[in-house]
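Alright, structures below, take your time with them.
Heads up, the next two complexes both have subunit A, just with different partners, subunit B and then subunit C.
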Partner chain A sequence: MAEMSHIERVMAGLTNAKGDRLSTYPIACGVNRKLVNGGVSYRDWAHDPKLYAQAFIEGQKAFDFDFAIGLMDLSVMAGDLGAGVRFDKENTPFVEKTLVNSPEDYEKFKVPDIKKGRSHVILEGTKQFCDVLKTQVITAGFLEGPLLALSQSAGAERLFMDMFTNPSAVHKALKTMTEYDVEMVKGFGKTGCAGLCWDYLWGNYSCLGDKEYNEFEGCKKYAGDLNELTGKEGMALAIHNCADLPHLDTQITAFKPAIYSMAYYPLIPGSPSATETIEKGYCDNCLVGGQIDPQLFIRASVEKITQVTKDLCQEVKTALCKRGLGSRYIIASGCEVPPDLHTKMENIKAVVDTTKQYGIVDW
Partner chain B sequence: MKVSQIAGFLGSGKTTAVMKIVDELMKRGHRMAIVVNDVGEINVDAKFIESHGLKAKEIAGGCICCQIAGTFSETLAKLHDSYNPEIVIVEPSGVAIPWGLKRAAEYSEAKTDMVIEHAPVITLVDATRVDLLVKAVKRLVETQIREADVCFVNKVDTAPPADIAKTEQMIREINPRAEISHMSSETGLGIKYACDLIENRISPRYDEAVEEELLRKQYGGK
Partner chain C sequence: MSKEKILNKLSDAVVAGKPDLAKEGAKEALAEKMDALDAINNGLVKGMSIVGDKYAARQVYLPQVLMSAHTMYAGLDILLPAIPKTALASMKKCATAVVEGDVHDIGKNIVKTMLTASGFDVNDLGKDVPIQTIIDTAKNQKLDAIALSTLMTPTMDGMKAAVDGLIENGYRKNVKVCIGGAPTSPAFAKEIGADHRDSNAQDCAAWLKEVF
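On to the complex of A and B.
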């Protein structure tokens, strides 16, 4: 089969049509800042739409991905809601001062002006990289789901306890988070990105059962309406969840995303491997991506990550073939490639190049 | 450098226990550091740290497989290079997973010239709120207990005997291999024993060999 363009390849995966090979996307976002102007700091990258966009453009030149997905970090919304975010020069920004000290504080959240702050940076930066890359690859924005945004703003431990002791207060805050997300979805809809990737991290059986997840995120008024709005705004629905025990029946079967990104934890009983995910039918109607251990991008040699990628390609192709599926899988990292100064850029290239060689599908 | 994780859900008496354990270990002559998570909630007493000449660093909420792992390993490497503590007490958030932090701690070996040892993973379980914890955050508490080497039933000075017994039973059901002991971080009961454990015992490293074997079976590769 002739080599396809990036977009043709992903479209084949999405529609279960014949594709030349498996698609690939090590989720390289913050780490690509090292390719901009000889290397810019995380702090600068996370505040400047031009630098933010340029990292994805340079990443595409260097690695030849099939996707560009604009993940910045998980403190964007919390910061614009008023939480204290610490910006080290080179570490991922993180919330160091949360906003909830009593149940009443859940009612004090207000949707911020998305034309300001880092909400603006991520929207404008996404627009800028989409302007350049949208004719080459499948582009997507990245947005924190309401429960993740609230956990970042309130503190996860506190939130989990309050979900039981003060559920009505938590729901009031989730309503505000959802309204904030609505504004952001509309903003992403104007950037020209092909898809929007939601981070629904707490859909994890290590933390929440089906009933609790449904009440606090999975139900129609939160994720349901946001997923629907994503489509209405002209973007394909994508979901990222790097949890150890993800709620696949809710997040894949019920939410029906076009793309689902997940991780694999071999030492956690029940954590679904690529084969199990395919065998259980989760790839039947969804292009699933995963599950290379992100830490290998720091720790492994090129030889080791090449072998892991090669083996994953073979595993996935075998499982897809048994299931009657063709190239409906993305060879990807289970979570973001660590945006660490020690991350080996050559390992990102090794994953892409190995997939090009060993991800070819025989028809 | 020995890393000692002291886990426990919000309100378990963890911060009080950590401060008393650090105080006792310093009296025993150890150079100490503390790494805390979600600093806004835990309220490490800055004066305590200053007055004791401790070094405190923070890690923050995020995702252990990518963002926290890098930050945490960097924190440990910097602590080693700047202060070289013998024991680092890690007070993770109630939503952190102990094995993930063990693994991330070992990553710091690639960043500087040191070897990480792990003290037994200690989990504090609040006997006065066992029913509430089981109802509200059952899965998270189960994860912390399942991954512990030693579980301390905390607040035994105020908890009714029936609740202490119920807490012990819950721990045994979730993690039969965990040692169970009692603590009152307020009265100091159990603090010296916790220090003995941290000083003298070793918990296994994150088992990459096991993971590699599982991956090998999974992927059928070398």
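On to the complex of A and C.
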């Protein structure tokens, strides 16, 4: 089969048509800042739409991905809501001062002005990289789901206990988070991105059961409406969940995303491998991506990560073939490639190049 | 109230996540002149073990576990001061910490809870803990074990720095070092010279109990 363009390849995967090979996307986002102007700091990258966009553009030139997905980090919304974010020069920023000290504080959240702060950076930056890349690859914005945004703002431990003791207060804040997400979805809808990738992290059985997840995020008034709005705004629905035991029945079967990105934790009983994910039918109607250990991009040799990628390609192709599916899998990292100064850029290239060679599907 | 009823009240309070009930039960235990250690082990800890087993079996989830832990500590605050110092001296001492540069502490807090429920004397150093504090605390407090956690990649090197520091100050052979957190692995533990890496709090506590 003749080599397809990136977009043709992904579309073949999405529609279960004949594709030339498996698509690939090591989730390299912040790490690509090292390719901009000889390397810019994380802090500068995350505050400047031009630098933010340029990292994705340079990443595409360097690695020839099939996708460009605009993940920054998980403190964007919390920071704009007023939480104290610690911004070391080169570390991934994180919330160090949360906003909820009593149940009444849940009612004090206000939707911030998305034309300011890092909400603006991520929207404008996504528009800028989409302007350049949207004719080459499948582009997507990236957005925290309401429960994730609230956990980052309130503190996860506090939030989880308040779910138990003050659920009505938590719901008031989730309503505000959802309104914030609605604004952001509409913003992403104007960037030209083909899809929007939601981070619905807390839909995992290490943290929440079906009942809790459904009540606090999975139900119609939160994720349901946001997923629907994503489509109405002209974007394909994608979901990323790098937790250990994701709620696949809810997040794939019920939410029906076009693309689902997940991780694999071999030491955790029940964590679904790529083969199990395919065998259980989760790829039947969804282009699933995973599951290379992100730590390998820092700690493994090129030879090691090449072998891991080769093995994953073989595993996935075998399982897809048994299931009667073609190229409906993305060889990807289970979570973001660490945006660390020590991440080996040659390992990102190794994953892409190995997929090009060993991800070819025989029809 | 009989001793059995008080123990059941303490255990049930933890299982149900009712801190006020645990406080009430703890006060009743002391009023009835019960052995505080007995009230802890056969009341609060028994309840936490039930919750731990239910969590492992996916019958309860993090919100319930956290409420149960909160409840256990509410009871412990009342009962621990009543334990004779001689009884405390025989407990193995350990510290928990999220290493410097990281503030994600739910996992560490669950480990702290399970270690406490397993009979360890736990000093929780908190989150974003300077590496030198971990090294100094181990030696100065003559700790038997340290459980270190991080959820972030850049801060994993802090775990190695802690192990290296313990070698430098000559205390490494006296203390077991366990690590945890999503980006860590048994291979990473081996690479940095830690003794153990676990995927969950129950297994970490079980491993340390076995070691000691």
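Convention: the second predicted complex is superposed on the first by the 363 of 363 C-alpha atoms of A that agree within 3 Å, B and C clash if a C-alpha of one lies under 4 Å from a C-alpha of the other, contacts with A are read in each partner's own complex, and residues count from 1 in each chain.
Please note the rule applied: a contact is a pair of C-beta atoms (placed from the backbone, for glycine too) under 8 Å apart; a residue touches a chain by one contact, two chains touch by 3 or more.
Quick caveat, the model's predicted, so the values are computed rather than measured.
Taken together in the superposed arrangement on subunit A, subunit B and subunit C clash.
After superposition on the shared chain, subunit A has more residues touched by B, the comparison being subunit B against subunit C.
Once the two complexes are laid over each other on the shared chain, residue contacts for A:Asn91 go to subunit B and to subunit C alike. By the touch criterion defined above, A:Gln314 lies against subunit B but remains apart from subunit C after alignment on the C-alpha atoms of chain A. Of the two partner chains placed by superposition, subunit B and subunit C are both touched by A:Gly209. After overlaying the two complexes on the shared chain, residue contacts for A:Gln152 are found with subunit B alone; subunit C is out of touch. Using the contact criterion defined above for the overlaid structures, shared-chain residue A:Asp113 touches neither subunit B nor subunit C, since it reaches no partner.
In the superposition on the C-alpha atoms of chain A, the part of subunit A touched by subunit B in one complex and by subunit C in the other spans residues 86, 91-92, 94-96, 156-157, 160-161, 163-165, 205-209, 244, 267, 293-295, 298-299, 338, 340. Residues of subunit A that touch subunit B in their complex: 73-74, 84, 86, 91-92, 94-98, 151-152, 155-158, 160-161, 163-165, 201, 205-209, 242, 244, 263, 266-267, 273, 275, 293-295, 298-299, 307-308, 310-312, 314-315, 334-340, 342. Subunit C contributes residues 17, 58, 60-64, 66-67, 70, 101-106, 109, 128, 152-155, 182-183, 185-186, 188, 191, 199-200 to its touches with subunit A in the complex.
Residues of subunit A touching subunit C in their complex: 86, 88, 90-92, 94-96, 156-157, 160-161, 163-165, 205-209, 212, 244, 265, 267-268, 293-295, 298-299, 338, 340. If you check the complex, the residues on subunit B that touch subunit A are 9-11, 38-41, 58, 60-63, 65-67, 69-71, 74, 93-95, 97, 99, 103, 107, 110-111, 132, 135-137, 139-140, 143, 207, 210-211, 214-215, 218-222.
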